[in-house]
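Each structure below appears as C-alpha cells.
Consider the two complexes below, in which subunit A is the common component and subunit B and subunit C are the respective partners.
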Partner chain A sequence: MDQTIRNLREQISLCERQLHALKVQLNNAEERAILEAQAKPEMSFDLSGGGQDAWQMEILGVLGHESPRKNAWPLMPQEYKRYGRQLILPEIGLNGQLRLKNTSVLIVGVGGLGCPAAAYLAGAGVGTIGLVDGDIVEESNLHRQTLHTTEKVGMSKVDSATFYLKSLNPTIKYVSHRTHLNPQNAPDIFRHYDLVLDCTDNPASRYLISDLCVLLGKTLVSASALRMEGQLLILNYPPRAPGDSSGGPCYRCVFPKPPPAETVVTCGEGGVLGPVVGVMGVLQALEAIKVIVDDSHLLSSQSETPSLLLFSAYGTPPFRSIRLRSRRPRCACCSEQPSVSLASLSSGSLDYQLFCGIANPANILNPRERVSPREYAKTLVTTRSVLDRGLPKDHVLIDVRERVQFDLCSIEGSINIPFSQINAPVRSNPSTREQSVASSSSPSTNPDQNAMEVDGKVSEGQRNELVMPWVHFIHKAALEKPIYVVCRFGNDSQVTVKKFKEAGLDLSGRRWVGDIKNGLRGWRTHVDKDFPEY
Partner chain B sequence: MADTGDNVHLTVEFSGGLEMLFSNRRKHSVSLPKISPKGTPVTIDFLVKYLCDHLMKDSRKDLFIMEDNVRPGILVLINDSDWELEGEADYEIQPNDNIMFVSTLHGG
Partner chain C sequence: MTSQTKPSGQFKILYFASATSFTNKSEEYLDAPLNSRELFDVLDQMYPGMKASVLDSSAVTRNLEYLDLEDDDPTIFQAGDEVAIIPPVSSG
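After this line comes the complex of A and B, so read on.
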C-alpha cells in the first residue's frame, strides 16, 4: 500500500514538473508575443480603430518622434501601468523604476524570508532575480514559505518559486540556481548580480555570503528569524574595497566569532511563526529597493552609523533600531589585511562548516544505558507493564521535552519534566513546589496529581543541602523502579540520564537509569507509525 | 525602587532566546552596588557576572558566558548602541541605563 502511494506521488510529481516546464515555455512565448506586438505600434493603431492618418504622423513629428515604430518612452507602455502606483512616489519616480529595471538581485534561500522578499522584488520590477536553493518543498514549509503550495511538495524550491513569480510578473528575468551554496560555486553565481539578499538559515552560509559580498563589492541585505523574533542588517553599504574604512561593516565586523554550534537553534527545533519571518522578508525587499533607488548612497551617509533592526512580536515596542559599529580595523574580511580572499575560497582552504563548528549529536552514554525504541516497546509487552492509575507498573518513563511539545503528543503513561527544569540551577530550598511536572494521563483529573507534586519532605535525595528541584519528585514517583528517559531526538535524554545519575537517582547502581535511543522520532519510525510527526 | 546612595538601578533586557535563561522574562529591573568590591565603579563586566550568579535560571552558564566573557553570537547593547561604541566590558554603568543582550538568530 505504501509502495502504491509512493509510486502515485512520484508519477504526479513528474507530471507536475512536466506541466510546469510547459507553463514556463508558454509564459516565455507569451512574453515574446507581447514584446513583438509592442515593437509594431501600427498594429495597436489599427486595433484602436483609427487608421494611421497623415495628421497623426504630423503630430508625432512635432513631438519629436521620428517614427511611430520606436517606443519613445523610457519604459514600455504596460510598465507605466504595472508600476504606476509606485512610479508616482517621489522616492521612486521614473529614475528609481529604471534603476530597479536595470538591477539584478540574488536571493539566497527561498524559504520563509526569501519567498516574501522575492515576491515584492518581482512585483516592484527588479530586472533580474536570481534564486539559490538546493532544497525541495516540504509540508512543514508551507505555513511560512508563501510562494510554495501544497501541490508543490517534493518540487525544487527554486522551481516552485519561479513558477509563482512568473505568474506574478512575467516581464522580468528569473535565473535558477538549484544548488546549495559552497565556497567553490558561490563566486561564479554572485558575480552576475548587483545586490544580494541573505535569506538562509545557518551561520556558515551567513559568513560565506558576507565574505563574497565584500570580495565582489556588493551590498548585502541580511535577515533572520526564529520563534517570535527577527533581525535585519544591511552590510557592506556603501560597498567599498577591503581596507577602505568608509565602506559599511560586514557580517564579520559585527560577529567576528561564530556562536558555539550547540547554541544555534534552527526553526525546526525552536519553531517560528509565519508572519514573523514574513515581516523580516518583506523588510528585506523594502531595504533592497531603498538601496537600489539610492544610487549615490545618500541613505547610507545620512544615517551616521550602520544599524541593526530588531523585531519582536511581543516586544514593547515591537521594533527597535540599534546603532552598530563601523568596519572593524582588523576584520578578517573587510580590513586592510584580510585573511579571506577569493583565492582562499576557491582553493577550499576556508572551511565555513569547520569555522562554525558542527553540533554533534550527543553521545555521552554507554550502550548499557540505552535502549532502542523497539526494546522499550518489548519491555512494555513482556513485563506486562500495564498502566496503574495512569502510570506503568514496573518502571517510570520521563519525557524531557518542553511542556508545549509534551501537550502535543506523548507516550501513554509518561511523565513530563521539561529539559529547562532539568537545567534549572541548584537551589538550596527544596520545598519549592515543582509546577511544571505533568503526566500524560489527563493531568487535570488525575487523582495522583497532588501526590506527584513535591512536598519537600522526601529525605532520600537530600544528601546535601543543594538539591535539584526535580530529584524529590522522581524519588517519590519512581520509588526503586527503573527510570527510562525520552526526548524528541535522543540528545537531551542522554544529558538528562547523566544528570540523574549525578543526582544519585541510580541509587548507587541498584536502579537502572537510561534513555530511549533516537527519542520519539525513533519511536515513530520503529514502533508507533501513528505517533504525530511535527 | 528609588535610587539610594549606594546602589545604581538599571534595566536589563534579553532577546533572541536569552530570555529563556532568565525566567522567560525579557525585561528585568536590576540594582547593583555603585562601587564593586574592588573599589572601582561597576562595569558591564561586573554586571555580566552578577547576572550569571543572581538572575540566571539555568545551570548551563555556557549559553551566556564563555571564558568569562559574553559568548560569541551575543550582542551587548548599551542604550541601543553596540557596546563596542561605548567601551565594551569596561563601560561604567550609569543610573537608568538600558543594557540589552541579544542572541543572534539564524533561522529563515
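After this line comes the complex of A and C, so read on.
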C-alpha cells in the first residue's frame, strides 16, 4: 500500500514538473507572439465578414484610408472594446489610454499588494508590466495574494502571476524577474521602466527602492500593510534630480530612520487580513494610473501637496490623509548633498541590511538553560498520566505566545502568559491594563472558566520595583517546580527566561527555569507532526 | 496626565501600527499645552522604552500635517489638537 502511494506521488510530481515546464514554454511562446504582433501593425477591418465590396473601398478612399487592411485609428479595434468603460471617462479618454499603453510599470513584490495592483494595471492596459519576486507560492499566501491559486503552490510567484495576468489581458507585455532585489541587480532592472510600485515586505527593500527611484528619476508608488492597517505614499513625484527642491519627497524624507530591526513585524508574525492589504494594492494601482494619465507635472513645477494615506480598518474614520512636506533639506538621498549614489549602490558600500539592522535570532541562554523538544517530550511522557487538575504535577510549562495563538493550539497542560504582558513596560499609570492568564488543560471547556484574572494594578510604592502581576501568579502556580517556557519559534521564550530570572523566579538557583529550543516549530518537527502549522 | 474620556483642556493623540501595539491603545488624551519637543519624553515616561523602540523612527503629525520634531522650531500642542504617532509599516 505504501509502495502504491509512493508510486502515485512520484507520478503526480513528475506530471506536475512536466506541466510546469509546458506552461513556461507556453508563456514564452505567447510573449514572442505578442511582440511579433506589435511589430507588425497589421489589422483588418471586419466590415462585412467577407470580401471588400467596391462601394466600401470607395468610402474608405474618401475617408482617406488607402487600404482597408491598415488600422487608421490610434488604438486597435479590440482595444476600444476592452477599455471602453474607462475610455469614456474624461479623466482617461483616448490620450490617457495611449499613455497607459506606452508606459512600462515595474511591480516589486508579487504578494498581497502586488497581486491586486498588477491585476488592475494589466486590466487597464498598461503596455508593459515587469514583475520582480524571488519567492514561490505558499499555502499561507492564498488568503490575500489574489493571483495565486491552490494548484500554483510551489511555483514561482512571478510565473504564477504571469499565468493569471496573461489570461486576464493577453494583449500587453509581461516581463519576468524571478529574483530578489538587491543593490547590485536593481539598477539594471529599474532602468527599463517608467514607474515603480513598491509592494515589498521589509524596510531594507523600501529604502533601496526609494533611493533607486530618486537616482534614476522614477516616480514611486509605495504601499504597505500589516494586521488591520495600511500606508500609501506617492514618492518622488514629480521625479526630479537630487537637490532639486521642486521634486517630490522620497521615503527617507518621510521616514529618515528605519525602525529597530527587532521591532519589525512581518505578516507571518503579526498577521494581516486579505482585504486590508488588498485595498492598499488596489489604491496603488489607482495612484499609478493617475500618475500615468496626468503628465501635468511635466509642464509645470507646481504639483499637489504630497500626502501619506493611512488606512485603519477599525479606525474612525478609516482613512486619514496626512499632508507631507516637500523634500527634506538634509535628506541622505534627494537633497543637494546626498550620501546615496549609484556608485555607492553598485560598489556595495551602501549596506541596506546594515542600515536597517538585522534581527538575529535570540541566543541569550546557555545550553543548561535549554532543552530540545524531544527532551521535553520525555519529561512530559513521565508526567502525562499524572496531570493534576489539567497541569503537569512535577513542572510548569508556560506558553508565551499571544492569547489568540494559544487558543489556536497548545501543548496540553501548558499555561498561557502572553509575551506582550511579560514584556510590558512598568507603567506609571497602569489602572486601565488588564492581565489575564489562561490554561489549556481542558481545551473543550469554555476558556473563560480557565482564565485566571490577575489584578494588574501596581501600587505607587511598587512602581519602580518591576514587580509584574505574572510574578505572583507563577509563584502561586509553580511553587518550587521547574519552569519550562515555550513560544512559537524559540526567541521570545529565551527573553522570558531571562526576565523570569531577573524577577527572582529561579529562587536563587534552587529552581530550574529554561526554555524549549525552536519553540512549537521544533515541537512539530521533532515530536508531534500533527501539531498545527500556521 | 492621561484620560480616555475627558478631552477638555487636553489634546488627542492617535497611535498607529507598532505604537498601537506598544501602548495597547489606538488613542488617548494628554494634557495641553505641551511643547512638541517634550512629547517623546512624556510618552517614554508613560511607556518606558517607547522612544527607542517606536518614536525615534516614527512620523509625527498635528492636525493631519507632518511635523519634524528635530528640525522644526518647537510648537505647542493646544487643547483640541489631534497629534498622531505614525511608525513606518514595511510589510505587505
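One rule holds for everything that comes next: the second predicted complex is superposed on the first by the 438 of 534 C-alpha atoms of A that agree within 3 Å, B and C clash if a C-alpha of one lies under 4 Å from a C-alpha of the other, contacts with A are read in each partner's own complex, and residues count from 1 in each chain.
Note that contacts are C-beta pairs under 8 Å (C-beta built on N, C-alpha and C of every residue); 3 or more make two chains touch, one makes a residue touch a chain.
Values in this document were obtained by computation on a predicted structure and should not be read as measured data.
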item	value
Which superposed partner A:T200 touches (first subunit B, second subunit C, both, neither)	both
Contacts of A:V264 with subunit B and subunit C, given as first, second, both or neither	both
Subunit B versus subunit C as contact partner of A:S167, first or second or both or neither	neither
Intersection of subunit A interface sets (partners subunit B, subunit C)	109, 111-113, 199-203, 206, 223-226, 229-231, 254-255, 257-260, 263-267, 270, 272, 277, 280, 308, 310, 312, 314-315, 320-325, 420, 424-426
Subunit A-facing residues of subunit C, complex	1-2, 4, 16-18, 21, 24, 26, 45-50, 52-54, 56-57, 59, 61, 64-66, 68, 71, 84, 86-92
Complex contacts: residues of subunit A adjacent to subunit C	109, 111-113, 199-203, 206, 223-226, 229-231, 254-255, 257-260, 263-267, 270, 272, 277, 280-281, 308, 310, 312, 314-315, 320-325, 328-330, 420, 424-429, 432-433
List of subunit A residues in touch with subunit B within their complex	109, 111-114, 199-203, 206, 223-227, 229-231, 254-260, 263-267, 270, 272, 277, 280, 305, 308, 310, 312, 314-315, 320-325, 420, 423-426
Contact set on subunit B toward subunit A in their complex	15-17, 20, 26, 56-60, 62-63, 66, 71-75, 77, 80-82, 84-85, 100, 102-108
